[in-house]
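Multiple structures are listed underneath, in structure tokens.
Both of the next two complexes hold chain A, though its partner changes from chain B to chain C.
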Partner chain A sequence: MITRPSFSQEVANLLYAAEGSPLLVCMQCGTCSSTCPAAPFMDHSPRAIIAMIAADLKEEVLASNAFWYCASCYSCTVRCPRGINIADMMYGLKRYSLWRNQYPQGLIGPDFSRRFARMIVRTGKSFEPALAPAFIFHAGLRGLLGEMRTALALFLKGRLPLIPSRVKRAKNFRRMLSRIIPLARPA
Partner chain B sequence: MKTYAYFPGCSLESMAASYHLSTIETARALGIELKELEDWNCCGATAYFHIDEILAHTLCARNLAMAEKEHLDLVAPCSGCYKNMYFTNAHLKKDADLAEHINLALSEDNLQFSGTIGVHHVIEVFVHGVGLEEIKRRVTHPLKGLRVAPYYGCQLMRPRKDHEDIEGPHFFEELLAAIGAVPVSYPPKLRCCGGSLIITHRKAALSMVRDLLQSAVQQEAEVIATICPLCQINLECYQSQVNREFGTELSLPVLYFTQLLGLALGIPAKRLGIGSELVSPELALASCC
Partner chain C sequence: MSPRKKLLIVDDDPDFVEAIASILQTADYETEAAYNPKDGLAALQSKHYDLLLLDIMMGRGAEGIMIARKLRKDPRLSQIPVLIITGIREQIAFLFPGQAVHPHFVPVDELVEKPVEPELLLEKVRTLLEAAEARKAPERKRGAA
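Right after this comes the complex of A and B.
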């Protein structure tokens, strides 16, 4: 009989190119959580997320902000005594959540990732001065003022160019990308 | 003169232009030619891996293939770019199926990945390629007693590449000592600067930056030396926001290691892009240079 893969099996499959042991060898020691600089800000620690995946708590995992707080510093990955690539798992969860368009309200991460990717597909390079303005309004009034002051100071020091750089062979570049995702429209 | 294919990365074209200048200048002074890849593209940073893994590898592979065409090893000054291209190179060398898939795409730009080159970070090229003895020999203006916090950040050492000791590296300290500076003991030298969380989770990132700065102050560092544009931007450009957010009064200059190295090699500050900081290093540098 053919059965649907469980959520934990799906997540295992997400780690296609990742090196390291499968999630199921996790022994819940919590080294990942204790070494993670962003764990204090997450609603569930990395250790808890792995336990939740193993328990197939799909909706709870997708409702968590934990993987969006991962800055991919790989402290967990290099210290996991079972050799699990936890940071790559966090990447996998971000992809899964974007693919399903399912994530907690109010997060900037999903929108930022999409805009960033679109920019690279369009121009071949990232140009943060054009990306940041879409997000500074999320930072509250103090954050907004802070960001504006920083941007002005950078501009005055000549560190904020106004014109983004682009790849030269733009046509080839986009044809190349459309080979990977065949439905993407070539230029 | 040893020649490398040079991949500046997107940040070095805008907010981190001084890293670009100082990398080129110091490399030249150390007898290394950096030949910029003629039509490089973004390495995908972290965000692209949120969207699609194979596409992210394709972006890196295009740069690798261009360097292969020149028969040159690739050098990146940004730790993020270095990490991405290092691992795409490693994955594609091991996974012939993935390489075939990506080569199909690369052929649209008349490129092929064949796995013939290596990928290095600029600091590795200086420390291991040129060597500390040679650097020491070329120092004309030692940074007499300047107390520097060596900040490695994440992506150079992690995930594990071919470095032996990823928990307690000391080559950065040795480099600083070779140019006459005093490397301070800096416990969080491998901790994360927050990376792109500075945009997506501002408060979390600011608190990570605050901890890094405070630790350097505790060690009486006069300047933090970085090897990555994102670390530099988070630690320096967001310092005023840290102060406003947490009521701290931090004012610690953050320079690229290439700028300090360049000064020690006798290159004028202006040619190293010194002077475009938001936290001026003038006072710290006045006593030593």
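Right after this comes the complex of A and C.
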């Protein structure tokens, strides 16, 4: 007889290897939300997301933009008085929604993650000038001008290369990746 | 009549586990499920199963591979037939266009992709179990001689 796991158990299974305490020891103090620099952009704070998982509100959690706005700064994780690895939870929820193709339309995060992964597989390095154009118009004209100003400042400081570079022996790197990602033969 | 075959499903998606378990139960197979790689491996090491149905993308990433590699190295478990059921092609096609997916991590394995047709699933399971029986038969004869 198979007992169906609840959504909170599904998330616990997803995070079975994560360091730190299980999500359900959260005491809802809100330290994660008050320390999170991305919280103002989220529709639900990290504290609320944990409470929603504990309440098995699967559809509401998957419809949230919160984990896509997580910048992985780990402030929440280092400050959680219960020792919960909240940043890992955010990564886990990204994986969960990507594997099931279940995420809100119009978010940059899922598309960006895929483009980034493809670029790393191809060249072994991130090259921002190739990644940015697909998303540069998302924030409107003001956002575009802001991005251009940042890009110019980076360029003048020599921090924005115009020619993409690759890791040495990119083929070996791809072979290494094929050990992690299940392929029939080395790439 | 041979006893009911016992199958283990290791997959993190409860909807999918429920669906394939009900298909397998209609064909009179006994099914158990583990929803993360750690529980799956523990079940394989502590109980006997005739076949493993394995998902790839679980936990931190492609952790089904971790189970398959451990099975391959374990002399007691390396002969369990494994049916890999995965939706990985979408991820592979995105990262490695044109690459074949079937990894052949264990000596006896087959791969079907999600969503899986019930008839195809039952056919693959039956074929793998029959092949396992056929492999055991000469061993039994040698033991009896």
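Everything that follows uses one rule, which is that the second predicted complex is superposed on the first by the 165 of 187 C-alpha atoms of A that agree within 3 Å, B and C clash if a C-alpha of one lies under 4 Å from a C-alpha of the other, contacts with A are read in each partner's own complex, and residues count from 1 in each chain.
Just so it is clear, contacts are C-beta pairs under 8 Å (C-beta built on N, C-alpha and C of every residue); 3 or more make two chains touch, one makes a residue touch a chain.
Bear in mind that the values here come from a model prediction, so they are computed numbers and not experimental data.
Peer 1: Going by the contact rule set out at the top, does A:Pro37 touch chain B (first), chain C (second), both, or neither?
Peer 2: A:Pro37: touches chain B, not chain C.
Peer 1: Going by the contact rule set out at the top, does A:Asn13 touch chain B (first), chain C (second), both, or neither?
Peer 2: second
Peer 1: On chain A, which partner's contacts cover more residues, chain B's or chain C's?
Peer 2: The larger set of chain A residues in touch belongs to B.
Peer 1: Of the two partner chains, chain B (first) and chain C (second), which one does A:Ile181 touch, if any: first, second, both, or neither?
Peer 2: It touches chain B and chain C both.
Peer 1: Classify the contacts of A:Arg114 with the two partner chains as first (chain B alone), second (chain C alone), both, or neither.
Peer 2: Once the two structures are laid over each other on A, A:Arg114 reaches both partners.
Peer 1: By the touch definition at the top of the document, which applies to A:Gln28: first (chain B), second (chain C), both, or neither?
Peer 2: neither
Peer 1: State whether A:Gln102 touches chain B only (first), chain C only (second), both chains, or neither.
Peer 2: After superposing on A, A:Gln102 lies clear of both chain B and chain C.
Peer 1: Considering only the contact definition stated at the top, list the common interface residues of chain A for chain B and chain C.
Peer 2: On chain A, the residues that contact chain B in one structure and chain C in the other are 16-17, 95, 114, 117, 180-181.
Peer 1: Could you list, by residue number, the parts of chain A that touch chain B in their complex?
Peer 2: For this pair, the touching residues of chain A are 16-17, 19, 37-38, 41, 68-69, 71-75, 77-78, 85, 87, 91, 94-95, 98, 107-109, 112-114, 116-117, 120, 124-129, 131-132, 135, 138-139, 142-143, 146-147, 149-150, 153-154, 157-161, 165, 167-169, 172-173, 175-177, 179-181.
Peer 1: Could you please specify the touching residues of chain C with respect to chain A in the complex?
Peer 2: Within the complex, chain C touches chain A at residues 12-14, 17-18, 21, 31-33, 35-39, 56-62, 64-65, 86-88, 91-92, 94-96, 99-105.
Peer 1: With touch defined as at the start, can you tell me which chain B residues reach chain A in the complex?
Peer 2: 10-11, 13-15, 17, 38-42, 44-55, 57-59, 62, 91, 95, 98, 101-102, 104-106, 108-110, 154-155, 158-160, 166-167, 190-192, 194-197, 199-205, 208, 237-238, 240-241, 244-245, 276-278
Peer 1: Taking the touch rule as given, give the residues of chain A at its contact with chain C in the complex, in rising order.
Peer 2: 2, 4-5, 9-10, 13-17, 95, 99-100, 114, 117-118, 121, 178, 180-185, 187
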